Amino acid sequence: MSLITRTKLSVRFHECDPLQIVWHGNYLKYFEEGREDFGKKYGISYLDVKEKGFSTPVVKSVCEHKLPLKYGDEFEVVSKFINSKAAKIIFEYEIFCRDQLICKGETVQVFTDEKGLVLMNPTFFSSWKEKMGIE
Amino acid sequence: MSLITRTKLSVRFHECDPLQIVWHGNYLKYFEEGREDFGKKYGISYLDVKEKGFSTPVVKSVCEHKLPLKYGDEFEVVSKFINSKAAKIIFEYEIFCRDQLICKGETVQVFTDEKGLVLMNPTFFSSWKEKMGIE
Amino acid sequence: MSLITRTKLSVRFHECDPLQIVWHGNYLKYFEEGREDFGKKYGISYLDVKEKGFSTPVVKSVCEHKLPLKYGDEFEVVSKFINSKAAKIIFEYEIFCRDQLICKGETVQVFTDEKGLVLMNPTFFSSWKEKMGIE
Amino acid sequence: MSLITRTKLSVRFHECDPLQIVWHGNYLKYFEEGREDFGKKYGISYLDVKEKGFSTPVVKSVCEHKLPLKYGDEFEVVSKFINSKAAKIIFEYEIFCRDQLICKGETVQVFTDEKGLVLMNPTFFSSWKEKMGIE
């Protein structure tokens, strides 16, 4: 079973650059909006995790662009949770506009608490995985 | 005596919009860089103030544009401290490029501590003003 | 008759700063989203205006903050068209969250064509005003 | 011979997020500043390339974070040109602060002209490589 969220967004004017397209770095904002939309749907958003005493900083991000988005475009971010044995939260993303693939991406997050990096999955995250039917 | 800082900056590509000019909201970033440059020079930066137990959120900002900046432009932010009887930090800004006035602006900041808004000047700020020769 | 648009938005994580609140400059993004939402509803958006051969750069922006927005907040931008005899587009904004006023603001835009600043209202804009019942 | 530029920057307040660290997506801004600094030094900046009739949109970006940057940090972006047989501009980046590696990254850019994607190296780019002693 795939854990996926589809988030509808539209390009904002201030996200576009002098090439008349969305500035490449702004796709990480779209990924974040997709990831948080997933988090709200499945109970693992930034605020959910914070309440448990953890932060989940992004330690890796990748974006591969196929086609540009322009101002006025409406698009969909597909955020897919990728299971991992490590104490990490991994998402893969695809953005589509008018049935065309705009870009693909990935983010990797780790867990930190007030002492620093957490090397084992926090209990709340293991429970969450179990509840989601992921092992 | 005027308390003024002059900060040299250059336009970054991602700050420009499809009109090929700096997006208007990004001037507030330039004002912030000017203000913080002032703060470092005169000992009243964000980190100085934080150390004293206060934050200084911006409660008002104004920007009036005369000419646009384009990618590649180098410019100067002039940040001028405006004295006030109220418990506020007020700055006026002017940005110049090639001896032309690009824009004028203003920000107003208040003091907050862990209890909320502070209505009287914090002691450290009164002392700072005295040291600067401002009454 | 008032020309008003109400736009529902929510705070994005990357819009928040170390004070745990929306960075003050990001409210100009919200105003832009409100203004463009108005423009789409009433046929005077950036792309509509561009098609007529004009740009409408922002020449003044003001924001006065009453209360901060935090991550997770959902809010409403009220964008109100303010009529003017001058060749300008003026909007006033109010942002509300949980029935509380968060901030008030204003933007002023002028018209430019390929030759530069346009001092008289472009024909399309006069027609638009007439159609909207504004004189 | 390595073509490298070292660019000194400092963290701006509005680049930091509620975790009190630079928001991960902002590192792509630092990479861009490093890349453009390289471009100005070696005559292959955005404006140089534009003058030749080409754009160089980013088609891939990667960032791997080792340590966070905080507000107040001064750091160095090392931008290294990576030669490729393909019609691409590839850079690798490393950011250092207080002699510690903060992050590593990569960007890949392609060439486009008014007709679209350019599959062969533009003449100006081949000449530039030759002048730089790269084959």
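We just call them A, B, C and D in the order they show up, numbering each chain from 1.
Quick note on the criterion: contacts are C-beta pairs under 8 Å (C-beta built on N, C-alpha and C of every residue); 3 or more make two chains touch, one makes a residue touch a chain.
Chain-to-protein mapping (UniProt): A, B, C, D = 4-hydroxybenzoyl-CoA thioesterase.
Source: prediction; values computed, not measured.
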Query raised in the report: Compared with chain C, which chain's mean CA position is the farthest off?
Result: D
**Report entry** Between A-D and A-B, the pair joined by more C-beta contacts
**Finding:** A-D
Report summary line: Chain centres from averaged Cα atoms put chain A and chain B apart, in whole Å, by 34
Query raised in the report: How many Å are there between the centre of chain A and the centre of chain C, using C-alpha atoms for each centre?
Result: 29
Query raised in the report: Rounded to the nearest whole Å, what is the centre-to-centre distance of chain A and chain D, using the mean of the C-alpha atoms as each centre?
Result: 24
Report summary line: Contacts with two or more other chains occur in chain D at residues 13-14, 25, 29, 32, 71
Report summary line: Touching chain B in the complex, chain C uses residues 19, 21, 24-26, 28-29, 32, 55, 57-65, 68
Report summary line: Within their complex, chain A touches chain C through residues 12-14, 29, 32-33, 36, 46-47, 71-72
**Report entry** Parts of chain B lying in touch with chain A, wherever the complex brings them together
**Finding:** 13-14, 16-18, 20, 23, 25, 71
